[in-house]
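See the structures that follow.
Each of the next two complexes has subunit A plus one more chain, namely subunit B in the first and subunit C in the second.
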Partner chain A sequence: MSLRAGIDVAELDEGRRARSYRIATTALAYLIPGVFILLPLILFLVQSFYYVDHGKEVHELTLRNYVRFFNDAAFVPVFLRTCILCLAVAVIAVAFAYPVAYLLASIEGRRKYVFALAFVIPLMMSYIIKIYAIRAILGSNGFLNRILLALGIIDAPLTFLIFNLQAVALTLAILLLPFAILPIFIALERIPRNVLDASADLGASAWQTFRRVIWPLSLQGTVVAATFTFVLALGDFVTPQMVGGTSGMTFGRIIYSQFGFAFNWPFGAALSVVLLALVLVALAITGLVTRRHPS
Partner chain B sequence: MDEMPKTLVELRDVAKRYGGTEVLHGVNLALRDGEFMTVLGPSGSGKTTILRIIGGLIRPSGGAVFLDGVDISAMPINQRPFNTVFQDYALFPHMTVAANVGYGLTVRGVARAEIRKKVDEALHLVALDGFGTRYPAELSGGQQQRVALARAIICQPRLILLDEPLGALDAELRRQMQRFLKQIQREIRTTFLFITHDQEEAVTIADRICVMNRGGIEQIGSPREVYYRPANEYVARFFGDNNLIDATVADSGADGLRLASASGEFRARTSLAGIARGQAGKVLVRPEAIVLGDAAGGQNRIRVRIEDASFVGPVSQVRVRAVAKPDLALLVKLPSRAEGILLAPGSEMEASWSESECHFVPA
Partner chain C sequence: MRSISRFLLSAAAAVAATAFVAAPGFAKELRILAWEGYADPDWVKAFEAECKCDVSVVFIGTDDEIWAKIKGSEGKDFDLFAVNTAQLQRYIDAGLTTPYDLDKVPNQKETLERFRDLSKVTGVMRDGKVMAIPYAFDSIGIIYDTDKVKEAPTSWKVLWDPKYAGKVLGYDNGEHNFTITALTMGIADPFNLTDDQLKEAETKLIDMKKNVLSFYTTADEALQLYQHNDIDIIFANYGQQQVKTMLDAGAHIAYVNPSEGAPAWLDTWAMTSGVQDKELAESWVNFVLQKQIGQQLSERTGFGNTVVPFDSAKPGDKLVWLRDVEDPTRRADLWNEVKASP
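This part shows the complex of A and B:
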């Protein structure tokens, strides 16, 4: 009896050690993002409740930045327009990404990863270079206009191609395409070959297999792709600046101007918090949509 | 009862090449309507390839597939009246059990109420009543297996193809499922083509066994035939333990064969046609067919010396060696007894077996 008790104590000890190890690693896993992400965000949140008086930051908690956002006619419409713009970006990017991802995933053998990589490499290229490249294509003296002129299709360069909101949407969609392709490709990749065989074996046509098996099984990845592009587009202020012109004002540019030109950091922080809230809502919706099936 | 069973599916000279390598060489196979055939063979012998060619998942590189005598080689997979049970079940993870089982009817545009009724029937058949609202991930392996079966039988296919469907199950569940499959096959009277690489499984479950090796068929026959009347040395060695003795045909007559070997003369039967005098081959005798002891009286006798005896559960294995020709070793299996086998190593006695237990295959 006493021997057994001894063994039990040893096992208990072992268990305790394993548990404390687990607690330590978990703590570390939370601590690192906590220090590097959460802490700055909290500081930002606090700053959004300060205000600026005669160029000086006053460290008193107030809601006036948020009141200003909702009351000043300049901000809410841009905010809403930016939401719609980014939704459009997400839709365009996913609409292009899905067929590309589908083709990539249907390539036989290992080659598909090479091709997929070819689509992901632009992810790592400098962002600024890509924007200039797009400007060089769409600009009034750009590639597209010159071709159309040379072909005699148009007499004068088209000016609606660039420096407006549509140009921003198109450019963002192109820039963010790889972020949309990847999650969809991975989702399609994860569908077992056998499941598709089973569908055909049970009598489904290619279209029925797509609609009843492939599409539902890749829906989560597609939603993630849309969220990715939506959130990344929301935060972008460089692209609208470079291809948006004066009519292509976005919320990101307004926030940037509060930090860069107006030097009103508390107000900029408040606008950022609003944007962050929108991002969190988008992520929450994604979370809800993608957690429907137990699979 | 005497009429020949109808041929359902026939493969004629079906070959399959991948790049330069031929993995199936001119296979001929006739599946009878309503039979349970198992395909047995080592890994890589082409079992799955045959199944996929019949199912329509891959196209043969040569030869043709017939259904009711009609060439269906070009018929697309979704039009063939065959359904497959895949090894890893291949259930649709995003659909409930009911939606999985009803899938074949759904894509055919069958009315909803009708589908619901048939799904309930199919689930009842595989003893999964009330599981319709679950998702595959919420089922055990055996239950998923039965869902896959229900999904395959709901369209009332002419043939059900099963690719090692029990491979992932543990031994006890496996035996249960074997009985279950056999029972269902009798109930729905559908032809089953069942791949396995488990000999015991193939023998227990099958009406006929197709033994494959290296992309070809070695023999097709009833379990008893492939066990006792193997067509060649490969099949003779493939099923269980066997004793093979080099011999040549000394005389072949209506009453059997007389075989000459270095250890003396044997009398054997063969079901193979065209065995002539002078033909070299192997004499086969199963370890359990050999009787030890001087009193035993079989037509075939050799004087042997006991080497060792070992207890392996219900049978005991005894190794013996021919006294006149020490390089001839035989394995003998006897029913085990509680007091052990009273055969002292080194003692000499007669080993004998009857003519009917003795078989000959040409080399």
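This part shows the complex of A and C:
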């Protein structure tokens, strides 16, 4: 009996220790994102209900920042324009990323990871340097115009290449391309070889195999790629400033100016909350699509 | 590096001077808070020899840092500080400055004409007392390409000139754009605009935007845009610094202060309310207002000095000393509207 009790106590001790260890690690796992992600977001949300009066922040809860967003003629059009711009970025990036990812996935053996890495290397370069480089290529005295002039293809420099919204879309698509390639590559890479063999054995043409087998199985990765690029483009405020010229005003720049120039943090916070809501909608749509088409 | 070792040396000297009466060093001590380039080691050394005193210089990096240091010690940690005329106002409001006795600064009477009568320099006097003495300045003007623009522009209106459509480089900042637009509208005080004036300026800025290729934010960025695009006219927010950056890169450009007036910042020397030896502080200001130091200041920093003419402004150029604007938030909002307009 006493022996039995001894074992019980030992087991109980063991169990208690394991449980408190589990509780501690769980608490820590919640604490870190809670303190460093959730808390700042909540503070941001609270700040969006404050307002600024004569350069001083007034800590009174009000909806005036949100009312201003919907009522001021300047903001909603820019917001919509930005949404369309970022959708275009997502479409362009995915259209270029898919063939690249397809090519990578079709390489035999381990070499494909080396090649995939090569497409990720641009991410290690400073983003500003890449934009400067793009400006040096597209400017009216830029690399592209000089080549075209030298070859006699054009007589006067093309000016529509840069300082408009198309240039912003193109530049963002180029900068974000690696984020689109990776998820598509992973999705394509996971398709088992024998599924493709089975499709061929059943007499499907290459196009039929792509349309009926590969495309549905890679759809999830493609949607994730589009979401990545859309969301990353939404928050960007440097590219529109640098290649958008006078028409490059996007929502990100308006938010930026609230913090950098206007010193109206509450309004900037409110605009950020609006943007965050849009991002959540985009993520919800992604969730819906990927759940319906599990790979 | 130089500034740090200088700082450490002078800090060590200050400690030595205060802690050990018998230690080498002088009883008199002058404590200066200034921007890099305003109290160079050779001048400090020469002054120390002349006044038989110790000088300690602390360099600052931002306007807010000056405020933190001066306000934080209620003026007790420093005797003299360099501050621009727009910022100066809050120090005077807070009682953190001590007025000058101009008789103790005879070189002030030898300064350039625009700085000689201090009652005509906006912001440096309060209630008939001289609160600060001008030392260095630079203007915001226009840079033009001398190969493509044959006749030097004279007016801010060149930014609107359809002849240069798509060849104008603008600056991305609401405050200054509204200021220069107000100057073209003939408004005497471009820093205090009524709502109607702001609205009118906004409409004009939307017109200007149609002439502009892009808006830049830094001097380096403007240079890169200039190199890769066909640009004739630049809103030169960074004045001589920008001119130098462009000339060093081999650009064929020149600089003008437009006839309506060029907004300009003006740095001054102000004495703190906690000044320990007022006469010593005044003799430093007198010392750096020598022609030779003025010349060196301009050559080393590119900024205009107040004693010898330099590139920032010709004697007849109209300069409008920058002040705080009526409502920076409002200007930023209106500037956003300008940029968001189709």
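By our rule, the second predicted complex is superposed on the first by the 268 of 295 C-alpha atoms of A that agree within 3 Å, B and C clash if a C-alpha of one lies under 4 Å from a C-alpha of the other, contacts with A are read in each partner's own complex, and residues count from 1 in each chain.
Quick note on the criterion: contacts are C-beta pairs under 8 Å (C-beta built on N, C-alpha and C of every residue); 3 or more make two chains touch, one makes a residue touch a chain.
Please read all numbers here as calculations on a predicted model, not as lab measurements.
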{"item": "Which of subunit B and subunit C A:194 touches, first, second, both or neither", "value": "first"}
{"item": "Subunit B versus subunit C as contact partner of A:246, first or second or both or neither", "value": "second"}
{"item": "Which partner reaches more residues of subunit A (counting touched residues only), subunit B or subunit C", "value": "C"}
{"item": "Partner chain in contact with A:217 - subunit B first, subunit C second, else both or neither", "value": "first"}
{"item": "First (subunit B), second (subunit C), both or neither touched by A:254", "value": "second"}
{"item": "Touching partner for A:262 - first (subunit B), second (subunit C), both, neither", "value": "second"}
{"item": "Which superposed partner A:74 touches (first subunit B, second subunit C, both, neither)", "value": "second"}
{"item": "First, second, both or neither for A:141, with subunit B first and subunit C second", "value": "second"}
{"item": "Contacts of A:202 with subunit B and subunit C, given as first, second, both or neither", "value": "first"}
{"item": "On subunit A, the residue positions that both subunit B and subunit C contact, one per complex", "value": "none"}
{"item": "Sites on subunit B touched by subunit A in the complex", "value": "55-57, 77-79, 82-84, 86, 88, 90-94, 103-104, 106-108, 135-138, 151-152, 155"}
{"item": "Interface residues, subunit C side, partner subunit A - complex", "value": "166, 170, 172-175, 209-210, 212-215, 217, 221, 224-225, 227-230, 327-329, 332-333, 335-337, 339-342"}
{"item": "In the complex, subunit A residues that touch subunit B", "value": "192, 194-195, 197-205, 208, 212-213, 216-217, 293-295"}
{"item": "Partner subunit C, residues of subunit A touching it in the complex", "value": "52, 54-55, 74-75, 77-78, 132, 135-136, 139-142, 157, 159, 162-163, 241-242, 244-249, 253-254, 257-258, 261-264"}
